[in-house]
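Both of the next two complexes hold chain A, though its partner changes from chain B to chain C.
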Partner chain A sequence: MTKEYSVIGKSQVKVDALEKVLGTTKFAADYNLPDMLYGGVFRSTVAHATINSLKLEKAKALGGVEAVLDFHDIPGKNRFGIIIKDEPCLVDDKIRRYGDALAVVAARSPEILEAALALIEVDYNEIEPIFTFERALAADAPIIHGTTNIHQVKHLVCGDVDAAFERSDIIIENTYSTHRLSHMFIEPDAGIAYYDDEGLMTVVASTQNPHYDRNEVASLLGLPYNQVRVIQAATGGGFGGKLDISVQCHCALLTYHTRKPVKIVRSRSESTMVSSKRHPMIIKAKTGASRDGMLMALEVQMTGDTGAYASYGPAVITRAMAHCTGPYNIPNVRADATFVYTNNPMGGAFRGFGVPQVAVCHEGQMNQLARALSIDPIEIRIKNAHQIGSKLPTGQILENSVGFIETLEKARAKAEDVL
Partner chain B sequence: MNKISISLNLNGTDRTILVYPNRRVVDLLREDFKLTSVKEGCSEGECGACTVIFNGDAVTTCCMLAGQADQSTIITLEGLAKDGELDLLQQCFLDEGAVQCGYCTPGMILAAKALLLKNQSPTEAQIKLAMSGNLCRCTGYQKIHAAVKSAVVIYKDKMAQGGESID
Partner chain C sequence: MWYGIGNTGLPNPAAAFVEVLGDATANLMFGAADIGQGSGTTMTQIAAEALGLSYEKVRVTWGDTRVTPDGGATSASRQTLITGNAVLKACEQAKETLAGVAAAYLGCQPEELEFSQNTVTKIDDATVTMTYKTLMAEMKAAGKMAVGAGYYNPTTTTLDPNDMSGIPYEVYSYATTICEVEVDTETGEVDVLKVVSAHDVGQTINQSMAEGQIEGGVVMGQGFVLMEEIEVSEKDGSIKNPIFSKYIIPSNLDVPEIYPILVESEGGPGPFGAKGVGEPALIPIIPAIVAAIEDALNVQFTKLPVFPKDIVAAVKEKEAADKNKNN
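Then we have the complex of A and B:
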């Protein structure tokens, strides 16, 4: 007997769809206010360096330019970051990636803005840039943040892995690597800051994270939270890539100094250059199983590149660890994960937080095991599948809603249908 | 550089404007005419977010200079609904759930509209080809194609009953 619901099980028109098909929805770049200035960012063209000099005078002297600011102009804290505050709004100590923000400009037209940005001069003192995991861990490698390039290390141990490998009939060993990915949300980041009628610093932005943005803008400007308001404009896709700060702090800082509305719209290339990325990972896996295809042991070593700033790195490493067995019962597990800082683009949130990376590994292992044991690939998965009552290597018991076997059966039926 | 005078028919109204000849049509529409349904996603002709119907064809306005718009007819999404009544394609995009973030939607609807203006009973392959210049990062395209197909079917039914033509 199926119950009739008014909404569940029925196709619904999205609440905001009408405006979207009419073209009246306002995305961040569609906002315009009287007296509005156009903001832009002067960015580094090297990945690792200290700054000998940053010359802003010529840009400041250009007619129509209302503000040219560097880190000295930040009234509050010059560090943000969703979990670890390690990213500057404007570089103060050193450049850690290609595209780091060095200065911001507000001008009366986009043309003047472009001309002013071209007048800024910087002299770098370059440091060896670190682009690989191996180099990041070398004893003589320059340190990107603090005292070590190791961003996080995690371990997970469950059962007796060595003994289980001894008893295994077959062992499969492989190394998998996954690459850096860009979200490519179709709307490049954009936002506008202004003081509202009550004098509240207000930022309207393309964002997935307005509450977090509010806190960062307040901390940057040294304002209490109740003096800052962040409004999410209709947002043209994010997929995790709009959880970090993009234009919010730069807009707000320019408005703070000019007292005027300031809009920043990133170009596609600027957006792609500095937004977060999916963490590239290298995963070494050793899987032990019995002759009849029952998984017995798993040993995993994973390394990940969080790039220049932490962003959601600590969450990604944790999720990758917790999901390293995939949806399979493996009684004995040993997993070690190390994430490092490099001078690459920042790794961050991206649909799945590390889980898609480890999926490449556990599914690759299952396929190889199936082939080596001449067992049907779906059969071997069903044999080892999580069900209600399964215990994960983290100790969690799955108490309800484990639809894996059902999904596999349906996928098999569908495949038989089409193939 | 001197400004030039441009005259065009924009969403059914004759307009004349002074602009620099190197102004891109996307800026002309968004900034000068405040038609912000025209979106910018890539600025190099790849994503189709800036698509309008230009002299009957779907074109990307980020790759066009204002001078090219002189004496042209341009339709943006703002020009599609008539007297508050949705265009058939707009209705089908709603009904089929073809809209998620909505940033690609104006370009998608206009690309489809340009196709239907020329070919009232396109094949599936023709629909796919006509929409191939428009990227969507959210929907996975299935529902967008379903929306266009359903518009074609509904239109055929209407015509069979002696309805109005598509434009």
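Then we have the complex of A and C:
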């Protein structure tokens, strides 16, 4: 680099390092206010059902319980979601996954809260749960949302793929599958809601997107956006798992009805059970190349299970498609993707948004190709690598900041040195 | 590995506010949530560089919807590019006022000035100089304020619904990871020994934070391939292993020797040319570990995770196949 910077590029001490090192950082669970209530959620223990009856009376009658609420108590809209608003704050039509929220409770102590949650009774009318991609698409399968279990379908095409396969000297075909994973951020979801001295609904929460949270809380309570304040508490990791609404709306709803501060802290188990998961995917790939290792054609078919709610599913499928070639020039590409709704845990944002899944495929294909053609794995990548001027399958031309080949060369040099 | 920075073919702007105060310190406000990755620090460095203040002079506030403008999600490795550019724009706006007052005081043109480390100096004549504190006193006397608001939306286009043509991302990060593993063919255990991970970050903003991201990504990737899997009950759809005693992630004892390499590539649209590294840090180690195991065993693995039982099964299968071949 030619420019000398005085601050940029330097290893400055993080602005929040001192509090972290001293252990004085205040996370959402550390907030306590006078008259604060403890909030909790009564959740479904089946994956797919309508509700015959939800009996809240015994919980309401317990001493020390200040609110027991179901969907009838929501003053505004009972749907949230970053892209598609398909997830209820509290179930109103039907249960779509194990752990769906049916009722919320606010109590004067954690012990009373637990006792109250145990007093709630529910009678389900179970529907066949769908746990596989294949069953989701079956003609006689129950529909989870709307009119179809197909969540999203995407198609990408450029060039003449079939002709390019015919001209190819070698074709590599594989089917890759990746699994469902959990973020396991170190701090489970937590938050507190309260009315501040001016009467402003305020939510302090562990989150990756406070402004989105504000809009959803406002929508739930039927308030203008500027009548809700969301403050991000110091947040102990997220990796995409704190992009969805977690406790924010439940806390705010309980504060709305009790007028008191309400704190919800999820246990590790509850946090993992209901936060989003990495989409498991199956990716079929067919790669055609010349005998000197130049990529000529790629055909990809991917399927994914987005679980019970959309969450960031549409972003995962689109990004996975846009990245399916890897950082390699392939003039002819045809890719198709289908994601379905199931009654499995919700698939959502997770560090990489589908790219880790497709990287298993495109790098696996490159390694197989290198082996089949007896070409060095780094060399075959350099031959096909994106450079300034490369044209992507989307038609985009790369105009600047393409350092892929330099990463290949520098990694190889360092590996020769240390491995 | 490559990774497009920001949301795919969608508008996803972020904004920032800045005010330089009378004693030559500054307040910087933006929405972007810092979840430990260090965006608060990154933005402080960008503002300090842009305003010509030292790092300690900039005080940052983020993630408070009553005080800070919308930063969108901390996701898609987007905040360094997008909030970073918003911070830069806010600082440039404040600096325009500052440069006008400084130029009048020093008797030169605003574009001839350099702001660096709490001093304003004429670029080709170091004797023509003033401290930032003097500048702020001049600002006060002139009744002017050094404030700025900026927002940035990366240049993308909506992707065509028929073939996905268009511009999905404004810029891409790239990376190469090479690793060495040791596979115990009897127990199926895999030790990741050494990892080299080279990342094109455009421009490094904070070297130790960028390297820390890469190291953390490597370890998370080890868990992805070798240790972690959410198990779902086929009976009721519940997660069978939602706790750390049943969902095992890597610990400090699993961390290999990691050699992060920061590659800088010019001309990008980000602040000082910076791109994102948050997600790229994770991705390339995943196929690299798979490839290393394949290389060690001469067996192909297309199904993840690769647990010890999978290794043992693959080794046995290969031994049986080799035996048949020899017979």
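In the analysis below, the second predicted complex is superposed on the first by the 415 of 419 C-alpha atoms of A that agree within 3 Å, B and C clash if a C-alpha of one lies under 4 Å from a C-alpha of the other, contacts with A are read in each partner's own complex, and residues count from 1 in each chain.
Throughout what follows, contacts are C-beta pairs under 8 Å (C-beta built on N, C-alpha and C of every residue); 3 or more make two chains touch, one makes a residue touch a chain.
All figures in this text were calculated on a predicted structure; none of them were measured in a lab.
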Which of the two partners, first being chain B and second being chain C, lies in contact with A:Arg180: first, second, both, or neither?
-> second
Given the touch rule stated above, what does A:Asp16 touch, chain B (first), chain C (second), both, or neither?
-> both
Answer with first, second, both or neither: which of chain B and chain C does A:Leu223 touch in the superposed model?
-> neither
If you stack the two complexes on chain A, which partner ends up touching A:Met273: first (chain B), second (chain C), both, or neither?
-> second
Is A:Lys26 contacted by the first partner chain B, the second partner chain C, both or neither?
-> first
Residues of chain A touched: more by chain B or chain C?
-> C
Which partner does A:Met36 contact after superposing on A: first (chain B), second (chain C), both, neither?
-> neither
So, A:Leu408: does it touch chain B (first), chain C (second), both, or neither?
-> second
Figure out whether A:Pro188 sits in contact with chain B (first) or chain C (second), or with both, or with neither.
-> first
Do any residues of chain A touch both chain B and chain C, and if so, which are they?
-> 11, 14, 16, 184, 235-237, 239, 268
Sort out for me which residues of chain B touch chain A in the complex.
-> 30, 35-37, 39-44, 47, 49, 76-78, 80-81, 86, 90-91, 93-95, 97, 99-106, 109, 135-138
In the complex, chain A touches chain C at residues 1, 3, 5-12, 14-16, 45-48, 82, 97-99, 129, 131, 154-158, 174-182, 184, 200, 207-212, 214, 228-232, 235-240, 242-243, 268-273, 277, 312, 315, 318-319, 321-323, 326-327, 343-345, 349, 351-353, 355-356, 359-360, 363-364, 367-368, 377-378, 381, 386, 393-396, 398-404, 406-408, 410-412, 414-415, 418-419
Residues of chain C touching chain A in their complex?
-> 1-4, 7-9, 31, 33-36, 38, 40-41, 44-46, 48-49, 54-55, 60, 62-66, 70-76, 116-117, 159, 162-169, 171-172, 174-178, 180, 194, 196-200, 202-209, 217, 220-221, 224, 228-230, 232-234, 236-239, 242-244, 247, 249, 257, 259, 261, 263-269, 272-273, 275, 278-279, 282-284, 286-288, 290-291, 294, 300, 302-305
In their complex, what parts of chain A are in touch with chain B?
-> 11, 13-14, 16-27, 29-30, 183-188, 234-237, 239, 267-268
